[in-house]
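I have a structure I would like to understand better, so I am pasting it below and will then ask my questions one at a time.
Chains here go by letter, A, B, C and D, matching the order in which they are written, and residues are numbered from 1 within each.
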Amino acid sequence: MKKLINKPEDVVKEELEGIALAYPDLVKVHFEPNFVYRADAPVKGKVAIVSGGGSGHEPMHGGFVGVGMLDAACPGAVFTSPTPDQMLEATKTVDGGAGVLHIVKNYSGDIMNFEMAADMAHGEGIRVLSILIDDDVAVKDSLYTQGRRGTGTTVLSEKICGAAAEKGYDLKRVAALCRKVNINGRCMGMALTSCTVPHVGRPTFELGEDEMEIGIGIHGEPGRLRMKLKSADEITEMLALSVIEDPAYSRTVREWDEAKGEWVDVVLQDPPFKEGDQVLAFVNSMGGTPAIELPIVYRKLHEICEKKGLKIVRNLIGPYITSLEMQGCSITLLKMDDEMIGLWDAPVKTPGLRWGT
Amino acid sequence: MSKIMTKRDVIEWLKATAAVLEENRRYLTDLDSPIGDADHGINMDRGFKKVMSQLPAVEDKDVGTILRTAGMALVSSVGGAGGPLYGTFFMDAGKAVAGKTELSDEDLVLLIESGLKGVVRIGKTNLGDKTMVDALHPAVEALRRAVADGVDTAEALRLMTEAASKGMVDTIPMLAKKGRASYVGERSIGHQDPGATSSYMILKTLMETLASGHRATG
Amino acid sequence: MKKLINKPEDVVKEELEGIALAYPDLVKVHFEPNFVYRADAPVKGKVAIVSGGGSGHEPMHGGFVGVGMLDAACPGAVFTSPTPDQMLEATKTVDGGAGVLHIVKNYSGDIMNFEMAADMAHGEGIRVLSILIDDDVAVKDSLYTQGRRGTGTTVLSEKICGAAAEKGYDLKRVAALCRKVNINGRCMGMALTSCTVPHVGRPTFELGEDEMEIGIGIHGEPGRLRMKLKSADEITEMLALSVIEDPAYSRTVREWDEAKGEWVDVVLQDPPFKEGDQVLAFVNSMGGTPAIELPIVYRKLHEICEKKGLKIVRNLIGPYITSLEMQGCSITLLKMDDEMIGLWDAPVKTPGLRWGT
Amino acid sequence: MSKIMTKRDVIEWLKATAAVLEENRRYLTDLDSPIGDADHGINMDRGFKKVMSQLPAVEDKDVGTILRTAGMALVSSVGGAGGPLYGTFFMDAGKAVAGKTELSDEDLVLLIESGLKGVVRIGKTNLGDKTMVDALHPAVEALRRAVADGVDTAEALRLMTEAASKGMVDTIPMLAKKGRASYVGERSIGHQDPGATSSYMILKTLMETLASGHRATG
């Protein structure tokens, strides 16, 4: 295993120490339980947004804490959802009195841990709503399984909802917006190489020199199928068409119902993409794929979107939701409306994403 | 009803489990590679190390408190799916035997059954989803039946462990419907579920602890 | 070879096509000869800054074109300096009448090609000054060799000089500032893995599973020495101390003398770092090292700087001057004064670096 | 003074060089790996392909124009160190024989010597720096001496090529002082310089072209 680390068990702790030293004007770091939070938290009267998940996806989520995005992020061990006490503490720390939105990626672990945390927070009198992100079209069936994973759309929802909270949206409105972002975003990823979990010390899976894995998640979990290596154009076409042509997808998710004071099942349906849609195109590096390759993918994606009548109105290109040093990419398309475009353009000032003032 | 398990046995069980999971850290992680994210052994080992660090503070307390403390330690240190599931298993098991310092056969059935119910409640798991429940459920059934039939404790625990083992192996041909393994669809077939495997280990360790415990105390 | 590319010979062209499609508001791309230039070029009355070099170091240089940084960048083939006609055309395209500064990394190829371009531009009546960046302390001797390579300080000089040009500095002043940045910046890099040049198809060098290469350049050229893999703390210490303790370094560089109308030899000397210095600390990923590892390096670097009495007043952490998918990092320290800090903080709006408005 | 090289020979030389460099693309790149950046063969091949594309437009022109065109094509397509160096080699060689359509022995010496001088001017290269000059310089010396001694052309070219070959091999033990190889310091020792190797190939091709050319024209 070749990594710039010390002991595997210290990776997350030392990473957080580095972040605390590097960005003191943007974030603070709390240890045991571990979470990164806005330097000026709590922001009075503003809805706070908290997310979290396993480490190894940097800059997500810790790198997205700051003005105009997340109020706090809870990093678990590498690829392991964080624990309820992290989320609870983070939630308490950043609540500015207007309530807290939990943005949760759809993995059993994340859901169970975040639900426990939300229940504890409710018990302490804090308003918490949760929105699930489940956008990974590589996972087909939702009826009898966990359903789609949360991938690329997570980053986009954090940016857009963060801007909305900054603008003064109330908790319900931020949650509704997050739900809207989720059902309008779809993602699919692929890997050229595996990644190596520091604690494990060996690649999670073995890929031949001429093989790749399609429909990969962000945890080094295997994809839906393995195939012979293809060209960037062919790979982009496979991912883009899977995303664009994905039919209406419907699933039941659990959300907290404030009026009833209980978790309720909510049925959500993704509207399929259609000609004339305005989209944000997000070409993401899995971590080990360098910057020279991403515009090659974007170029083909642009061509395909044009052919399909989708108009790319914004884009994001780079390593934003990664899988350690895995080489590969994912493509996310998010259907945009004017509200979302405005919020996307709003200033953001975090270690990982920064524009405006 | 004779007491078959003391407070000390419970503590021994947790300690022995911690040792077994440390030993099998790599094995459980390897099982989690083809159909998961290669962390189950790491997670369980980290969790039970935390349990070990919390035990001294409650060694004098009742079985319920000991188990609930273990569960809370797991919830706050494991993360992933394993944290809430095994955390709930032990917290709910502890609640079921709250206040007791010695357990009868029936208490033991109640303890494990309550743990299983907690897992199912939190995980919304069905039998055959290719999870730890596929090991835990037949084990609870076997134990309950044996105790109801008046089988002696050692044999009842053997039957429980055997059922857990069979349930664990039976996950191999299953198509995963819960947890990360469900994402790989058909490719989950042919692999043994890591959670079912750790559950089998925990129950087997229970059997062994009580066997050696009984030997020790005559 | 596993890369998201089509044909090796099309990598640079297609990358540029992608950049043109992705950032039309920031940059335009000219093909044959290839260069990326500011969308609003030429900016009348502003000194223009042009850099260039082999491709494979993205986002450098093309990703640094835009407001507050470069006016144009000329990408050569992968790891091969661009040709004089690229620099000449770029220079002519962005000259706003106030002259053009060429920022040139100290490699024989870059120097010769840039000198030819400058001579041609002079012939066409364009004011061009050139400043060399040679900051790589891994290269010890300068008397009988090419001297130090240009590495991390290049990025910093482009940002700082870009801000100065934006502020209205005249050509001589921008050049003097660039010279100052260069002699105050030092860098050293290392590699955990090799990179693979697309045209070659195999790793440039072979490293054992437990080996690393210290004092590496940015072209997959071997470093000064190979050693057993060490921890992040040990690696950081090796790099940081090489940079901090580097003695006064003196070399003769060639610069264009406008008054004499010829190239003249200029002797430059780096002042060694000393206690009390304010520095910008730049922890750079070689391309394949993911974001989770860099704060671990930064953390140790911070500790070492503190111990040595250097005060980190600004930092930059990420993949900014890369070597394709190589895993590894480089550390650059740049002694800052108030002028440089102000220019560093000034707004920048490029595909690769963005803050302020 | 007899003319030993026609305009057509020059074009054949360039064409044959393009073929040789294409064939040795991998080999030259491999030589550039341990002490450089693994692109010399790629660069030279790209450059001479560009030369080939420019040749048709100047085939009717004089030798000087043909060589200068080749040089400009190299400058504008090779990049790196090789581009300006070989570009200048051919541009300066061309300037030295401007206007001529046939070359004598002495013209050939002048051509190559001017090319070498251009390389040294641009590269500020000294003998022994472990560069192409270490192949070119002894080759020019050998050719000049042979021609001055009245040795016949074929033999003179053989001596030139032999000297280039020896110069090339002599770079192996050298410590590099110019170009990328100088960055690796001591580690440059023991490796043959890629630029010296391509220079040798270009001169060897010249010898072969004139040999076969002379056979062809009797």
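Observations on the structure shown:
Just so it is clear, a residue touches a chain if its C-beta (ideal position, glycine included) is under 8 Å from a C-beta of that chain, and two chains touch if they have at least 3 such contacts.
Quick caveat: nothing in here was measured; it's all calculated off a predicted structure.
Once chain C is taken out of the picture, touching joins the leftover chains into the groups A, B | D.
Comparing the centres of all chains, each the average of its CA atoms, the largest separation from chain B belongs to D.
Centroid to centroid, with C-alpha atoms defining each point, chain A and chain B lie 32 Å apart. Each chain gets one centre point, the mean of its Cα atoms, and the points for chain B and chain D are 77 Å apart. Mean C-alpha positions place chain B and chain C at a centre distance of 57 Å.
Multi-chain contact residues of chain D, defined as those touching 2 or more other chains: none present.
Shared interface positions of chain C, defined as residues touching 2 or more other chains, are 78.
Chain contacts in this assembly form an open path, with each chain touching only its neighbours along a single line. Across the complex, chain C is touched by residues 2-7, 11, 14-19, 21-22, 55-56, 58-59, 63, 78, 192-193, 209, 212, 229, 231-233, 235, 287-299, 302, 315, 317, 319, 322, 324-325, 327-329, 349, 351-352, 354-357 of chain A. For chain B in complex with chain A, the touching residues are 29, 33-39, 42-43, 46, 75-85, 122-123, 176-180, 182-185, 187. Residues 33, 54, 76-85, 107-109, 112-113, 116, 138-141, 144-146, 149, 197, 199-200, 204-205, 217, 219-224 of chain C touch chain D in their complex.
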